[in-house]
Amino acid sequence: MYSVNTRDHFMIAHSFRGDVFGPAQRMHGATFVVDVEYRRLALDDDGVVVDIGRAGDVLRQVLAELNYRNLDEVPEFAGRNTTTEFLAREIFERIVRRLSAGELGPGAAGVASMRVVLHESHVAWAAYESPLR
Amino acid sequence: MYSVNTRDHFMIAHSFRGDVFGPAQRMHGATFVVDVEYRRLALDDDGVVVDIGRAGDVLRQVLAELNYRNLDEVPEFAGRNTTTEFLAREIFERIVRRLSAGELGPGAAGVASMRVVLHESHVAWAAYESPLR
Amino acid sequence: MYSVNTRDHFMIAHSFRGDVFGPAQRMHGATFVVDVEYRRLALDDDGVVVDIGRAGDVLRQVLAELNYRNLDEVPEFAGRNTTTEFLAREIFERIVRRLSAGELGPGAAGVASMRVVLHESHVAWAAYESPLR
Amino acid sequence: MYSVNTRDHFMIAHSFRGDVFGPAQRMHGATFVVDVEYRRLALDDDGVVVDIGRAGDVLRQVLAELNYRNLDEVPEFAGRNTTTEFLAREIFERIVRRLSAGELGPGAAGVASMRVVLHESHVAWAAYESPLR
Amino acid sequence: MYSVNTRDHFMIAHSFRGDVFGPAQRMHGATFVVDVEYRRLALDDDGVVVDIGRAGDVLRQVLAELNYRNLDEVPEFAGRNTTTEFLAREIFERIVRRLSAGELGPGAAGVASMRVVLHESHVAWAAYESPLR
Amino acid sequence: MYSVNTRDHFMIAHSFRGDVFGPAQRMHGATFVVDVEYRRLALDDDGVVVDIGRAGDVLRQVLAELNYRNLDEVPEFAGRNTTTEFLAREIFERIVRRLSAGELGPGAAGVASMRVVLHESHVAWAAYESPLR
């Protein structure tokens, strides 16, 4: 199995609901450093997993939708806790949609699975990974 | 599959038996920076893998049992080489016991697997991972 | 010149005023990983720059005053842009006040200068450093 | 499953063929920081996954074959794009050959799988992993 | 003294002349992860050291002049060893020229000194720093 | 001012005397990841600060004197607390002695100052720096 990873970051405000979150129920924020790993069994004809340039562009575009936002005011997240693990999946799904739409190029059809990691500090991160259909 | 990771560290002295260890047969020591990754298929009702606050507390307590110790004098390690990979499993088991005892909260019952990584320098680490029963 | 550094982090929401900030004029947030370096010419009688345990406690207390807050609502920051460099100085001054009040122990009177670094992502940080009177 | 990882690096020049590579079609180069992870189900009699000293030696020797080279002039890579993911597999295979030849010691026969990661910058890496026969 | 730092990277091929360089006399290459630190005594009216957005743009443009190049073929480096320390100064001077030309905005006139660090691997880096004017 | 840095590590056991050290008065240990920075005003004729190959060799030799040792049993440290800051200076002095003896080559006579940093965990480090001569 081959993998390629590209990294970028975004910065948001949000708050959580639920006693389990303690002081994080207050409005606060986070920098998320995001790693997106693409996996496939064999390389394409160019010898790559995905076009790393396009992968970087797609990641930048997906993060721009969230960057410098108060997630409490984003309609599609209404009633949800935008935890690090929740956001890892959200970004996973948004990248998959763009991959399926061909934005990563035709070669990306061979991607078998993906993993998205969100680093929220030097001591904590969360991730979501899944095979692609 | 979702993951959440929390990091902490501990500092110990020990020595090894066996020619394979060369100069590490002498009394020496290590700082271990420890990553504990919890994995599960679906998030709980709060939208998290585990209560990250409790996970940090449990890790601190488990490492406090070993921190600032000479492992050669810890009775339960008698006759064992406390290698980095051995310690990764030891910490894995101690966290599982606390998780099973409910110290990570009732939501943690949904944790499917765990991975414990011990970084011993900028060039070496060891890990133990396993599904939970 | 000797140095000792201790690291911790805090997570806040805020927004900026001024065209120079572009989309960061919107409510957003950040994780700041904070390094505090204490410097002095000679070690104290215990052979240390400062009591690292107390230094860690003081840093945690200073960051707790800001952690999980919307800085736009903190009265003492009214009318100020809480940029990374501004916050580096703010944390510097708060630590100096505690050091002067003896919270780092009597040995800390020998500290000659300090440097506070706030890492806001994997590609950006800001710092403030100064001699102490 | 236990893992042990060892890290080293090498520095090479190369160029790529194919429009997908854009400016990387020009002669350029890279530092690759290499992680090699060995995995097995049970520790050997010494309590280790592999002899970490030998693992470091083997990695150094494998990388020395490529280090400070222009890969465009290496005969066995003729007609191939020496992408990061391609090189991850190449190094994987070279280590497996040495492991099979006994250079990691007899205990290494228990290694079940390996993963080789090549970090090419602070934002990109590629990997190859596979079970061993 | 306040500082702000921005990070980016570039990838080049080159070779060195002189016995001191051993195998690095062969054509090889490197990834350089570049940190540029701007320092000044007081913040500007916006509360910043420099406009971090412009600083990132300037760094990207300066590195684009060198990125994906064989430095042995760059006319202005003829007869020079493009060592890491040499390149740190080269990038320093190119940023200073753009800063002096106003590309970092009028506020950047207050920058007192700069430091450029080039990380060439996980174990080595070089830097150049100097007051401005 | 130019700088070049080289990194390596060593692993030791020790204990401290003094109430300030709390549980670190027990026999324990540490991994120290060591950065040695050499600084000078102008590059030598080869375009370097020091011969990085020799600098790496000298650091390895200096650390080998301490590596895999119980520092409580090293005669020259008798009656001293081998704190991280103390060890930073000790390594500084040992490198200076080798530099003065010519082990870094004749070009190293131009080194103006040095800084030695010992990272003891992901949250703490200590350093010693000084002009030479």
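Each chain gets a letter, A, B, C, D, E and F, in the order it is written, and its residues are counted from 1.
Heads up, the rule we're going with is that contacts are C-beta pairs under 8 Å (C-beta built on N, C-alpha and C of every residue); 3 or more make two chains touch, one makes a residue touch a chain.
Since the structure is predicted, the reported quantities are computational estimates derived from the model, not experimental observations.
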{"item": "Maximum centroid distance from chain F, chain identifier (CA atoms)", "value": "A"}
{"item": "Pair from D-E, C-E or B-F with over half of its contact pairs in common with E-F", "value": "C-E"}
{"item": "Most widely separated chain from chain E, with each centre as the mean of CA atoms", "value": "B"}
{"item": "Between chain B and chain E, centroid-to-centroid distance (C-alpha), Å", "value": "41"}
{"item": "Chain D and chain F: spacing of chain centres that average the CA atoms, whole Å", "value": "31"}
{"item": "Shared interface positions of chain E, touching two or more other chains", "value": "7, 122-123"}
{"item": "Chain C partner contacts - residues on chain A that touch it in the complex", "value": "7, 9, 11-14, 23-24, 26-33, 67-70, 73, 119-123"}
{"item": "Residue ranges of chain C touching chain E (in the complex, touch as defined)", "value": "16, 18, 20-22, 80-86, 88-89, 117, 122-130"}
{"item": "Touch list for chain E against partner chain C, complex", "value": "1-8, 43, 46-49, 51-53, 56, 105"}
